[in-house]
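In what follows, structures are represented as structure tokens.
Next, two complexes with chain A in common: one pairs it with chain B, the other with chain C.
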Partner chain A sequence: MVERTVVVRNRAGLHTRPAAMIVKRAAQFASDIYLESDDHMRINAKSIIGVMTLAAAQGTTLKLIVSGPDEEQAADAIAELFETGFGEPL
Partner chain B sequence: MDSDAGGLRTSPSLRFQGIAASHGIAIGHAVIIRAPQERLLHWRIVSPPERPHHLERYRQARQLLLDSIRAGMNLAANALPDAHAIVESYELIVSDPAIEQTISNRILGEGMPTEVAVSTAYDAHIHALANASDPLIRERRYDLENIRQKLLAALLSPSPTTGSLRGAIIVAPSLLASDVLQYHDQGVRGIVTEVGGISSHACIVARTLGIPAVIGIRNATRLLDDNVQLIVDGTRGLVIASPDVTTIEHYRAIRDTRTEHRTPHTGIATTTDGVAIPVYASVDSPDEVPNAIAQGAEGIGLVRTELLLVRLRHFPSEQEQTAWYRAIVEQAYPKPVTLRIFDLGSDKAIGGMPHEPNPALGLRGLRFLLQRRDLLSAQLRAILRASAQRTVRLLAPMVTTLEEVETLRALLETAKQELRDNRESFDEHIPLGIMVETPAAALLADQLAGHVAFFSIGTNDLTQYTLAADRTSSLVAYLFDQLHPAVLRLLQMIVAAAKRRGIHAELCGDLATFPSATELLVGLGISALSVAPTSIPALKEKISTINAAQAEQLLVQALAASDSAAVRALLNHQHSSV
Partner chain C sequence: MPPSSLMLADLEPLRKEAIAVRTLLEAPLKLVSLNEQVGWDNLISDENVHRPQLALAGFLELFTSHRLQVMGNTEVYYLRSLGTSDRVRAFRGIVERKVPAIILTNGHQLDPELCALATEYNVALLQTPFETTRTVHILSEFLGDQFAPHVVVHGSFVDVYGVGVLFIGRSGIGKSEIALDLVERGHRLVADDVVILTRKRDAILMGTGSSLIEHVVEVRGLGVIDVRQMFGIRAIRYQKRLEIVVELQDWNPSEDYERIGLDDSTVEILGIAISSVKLPIFPGKNITVIAEVIALNYLLKTYGYNAARELADKLEREISRRVQQPSATHDQRMVTYFQGDDE
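And now, the complex of A and B:
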């Protein structure tokens, strides 16, 4: 299992478009991928409704939890999306 | 004239007032899309051997819906990149593994029939979204609601209604953006819905495709019948059923003239040499926002919040203000909105204000608010709450010194801290701009530009103060001229100062609506213009005929003119030589 800390960097937060990017990227991996908020709400990163329900605003810190055969690559890929602000203004 | 009198009526015509969601006129026959009847109240637990069959029914219904959504996505692929992303999000919702897991558990584990499992599983997720803190995320529950209805419809009648939709007006409870794309492809002329927001994805797509749409007509699918003739007036938000001959002729004439003089209603107006100049709308209330967007506004460049007092006839509470600002922001979303704090003075007075012999030079705008910090702080908090979607800018009127701006900023920071303490969401980085409408602010523009995020130039007041000519006096009306070279020179100073500091200098005021002045404003290098919604199409068209390089030359000549008459002569000459 891999755990990382990711931060929502883009100005608009995790709205529909970034949520869709996470879900599409997550679906490319066999591992189970979860995002967990400060208040211990844990959602499946392959579920767009889950990611949207997190409603994470700019500056929110989330825990990324990945477990499975390709967990390192999956964690890198999802963390990179957060790092680059989903290609949106920071 | 659209009165019903004297027409050859066969059935009484009916009018329904809704919300104008996509501009234009459509005439055609109604095709009613009814929500499926839900027979979900009485159900029995399905016996274990039959449960896999129920899961299979869900999967088939989901596949039908996915096919139809993907068809919409293919239609959007080339023409509408934004719509493509929107429709893709529906696909992700329909194939969401968390929802599938819930439905599968309810069918296989609890023995629910397919319809009940689908309905309750979606309800649970709709409920979760409805409680989200972000208003935009809350909005997405309507998408889930719509998808739930579609799955139920597919379960109840797996073969979708066939028959030609060419020339039809679709009347539906609500629509997804993918529905609008498909209906457009099938030749649908207009859209009427019972619910939905003006900023919903379906409305955005309708506007992009130029399909007239009216939303918010309650019970439309029950009040209207299939094949009745309908007129959809997407500009005024009106739907007329069974119109008489005179009314039809009237609307045909409007429709046909509009098609001939069709203005580029979407996209930022761009000069012939590629300079893009956003055109915003100046509005006084939330009701004006849908039309402003339909007229092609890139955002709301000025909301005169003091008009809320006029409308309410009392000083608005913090809650009333919050609701009102949010209504404006949500209707404009995702386009930006600039909220100007109360521009009150003894001419636009509230109770208890001092009487002054010369209100224009008195305690007004920011000056007044800095003396009534209770009112100012309440307004700042209300505006901050409306900024949670990060599309709001804050604008202060009647600034003459830097100290006023610094005091305002300190009060804004206090208001932010109050919201933080309350755990309320807002935009931490809300841009703060000032109106440049006094000669003092214009002359110190280079100093002020280092302390604010943008300038909005108010040419009406700037002209009055520069020329020392009271806007309201008919005796000196001959002097009040926004094209006076003294005013133009100040405008040039302001824009140049903003450019040096890398901030936007926008312009609101009557000067922006004078067709003869547009070229001068382009020559100035103005960042954006804000005008009344009705002036937007003509202004955008005018901008698209101007060459920015030539406009700069024209401005140089105008700045060298000795009086307004010389400026006008120059503009008229320019006009006739084109």
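And now, the complex of A and C:
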């Protein structure tokens, strides 16, 4: 299992488009991928409704938890999306 | 290019070269023959109609004689105003140019010698009770449809809650079975396997089946069945406007399937953009129910409610609320407090 801390860097936060980017990226991996907010809401990162439920604004810190055969690559891929602000203004 | 566009974009549009005069009897004009059905096999090759006013007056250059001719009050009263020999000469000038048919509006009659002349030159003489403007309008609409470009598509076309849904996909993926399943649930089959789509008013596509096949469906391993005989009149309809194309695909993990539905994807058929949905299928997936949901969601959007849009907007409002009140706790539950009874 891999655990990382990711931060929502883009100005608009985790709105619909970034949420869709996360689930589409997550769906490409075999591992189970979760995102957890600091109020311990843990959601499946392959579920669009789940990711939207986080309603994470800019600056929010989330825990990325990945477990499975390709956990390192999956964690890298999802973390990179957060890092680059989903291609949106930071 | 998405596969669905590939499948549909390559379709060669078809167009009728000509229709027989007898086809006009299908138009809602209450047409009757004034010369014993002479000329009913004449061909009309132009969707425009012509009023032969100047031709009757003797100006026969540029006379579009291959068109259907419509004679209203002007033409009839003009002919009546002439002496017999002039009248015959004027009318002969038209019929000897082999016009396919002449339609008299307002229930007008022609003198017996003019009728005989039409018969002599094998010109169909038809009469309608409607007035000229209305006749021309109906004829334009009718001929426009007859000469409209159309394509033949391999798929199943079903009316689902009043929404015209066309299922396409590789042979054997289960299009016919989905159509049958939908019929079983109370929806109406338009056509299976051979769907003919015709462009109407350059704006919409109307679909129907072939006159030979009607509502016969092939079920793999069983043979052909007649849906109308088996399920009754409620299970079929003859025509439907095409509103959604559902492309059935074998599940492909690397394919990017729609997750939100904010962007409407479309396919172009005969230059008309039609909403499209790419649907991955795998064993145990109930496509029929999804097809119903697709139709209902289309209706909701048509009536002004877009669930994806609403949710996206709500999420953005929630994010900005959290930006403004970072310290406020946010309740995740839909129900803040389970009050009162324990039901």
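As a working rule, the second predicted complex is superposed on the first by the 90 of 90 C-alpha atoms of A that agree within 3 Å, B and C clash if a C-alpha of one lies under 4 Å from a C-alpha of the other, contacts with A are read in each partner's own complex, and residues count from 1 in each chain.
Everything that follows uses one rule, which is that a residue touches a chain if its C-beta (ideal position, glycine included) is under 8 Å from a C-beta of that chain, and two chains touch if they have at least 3 such contacts.
As the structure is a computational prediction, the values presented were derived from the model and not from experiment.
By the touch criterion stated above, A:L62 is placed in contact with neither chain B nor chain C. When the two structures are aligned on the shared chain, A:Q28 is found in touch with chain C, with no touch to chain B. Of the two partner chains, both chain B and chain C are touched by A:A12. By the touch criterion stated above, A:N44 is placed in contact with chain B alone, chain C being left untouched. Comparing the two complexes, residues 12-13, 15-16, 19-20, 23-24, 48, 52-53, 55, 57-58 of chain A contact chain B in one case and chain C in the other. Considering their complex, residues 11-13, 15-17, 19-20, 23-24, 43-44, 46-50, 52-53, 55, 57-59 of chain A touch chain B. Chain C contributes residues 253-254, 256, 259-260, 262, 308, 311-312, 315-316, 318-320, 322-323, 326, 329-330, 332 to its touches with chain A in the complex.
Chain contact summary for the complex, chain B toward chain A: residues 85-86, 88-89, 92-93, 96-99, 125, 128-129, 132-134, 136-137, 140, 144, 390, 425, 428-429. Taken together, the chain A residues at the contact with chain C in this complex read 12-16, 19-20, 23-24, 27-28, 39, 41, 48, 52-53, 55-58, 60.
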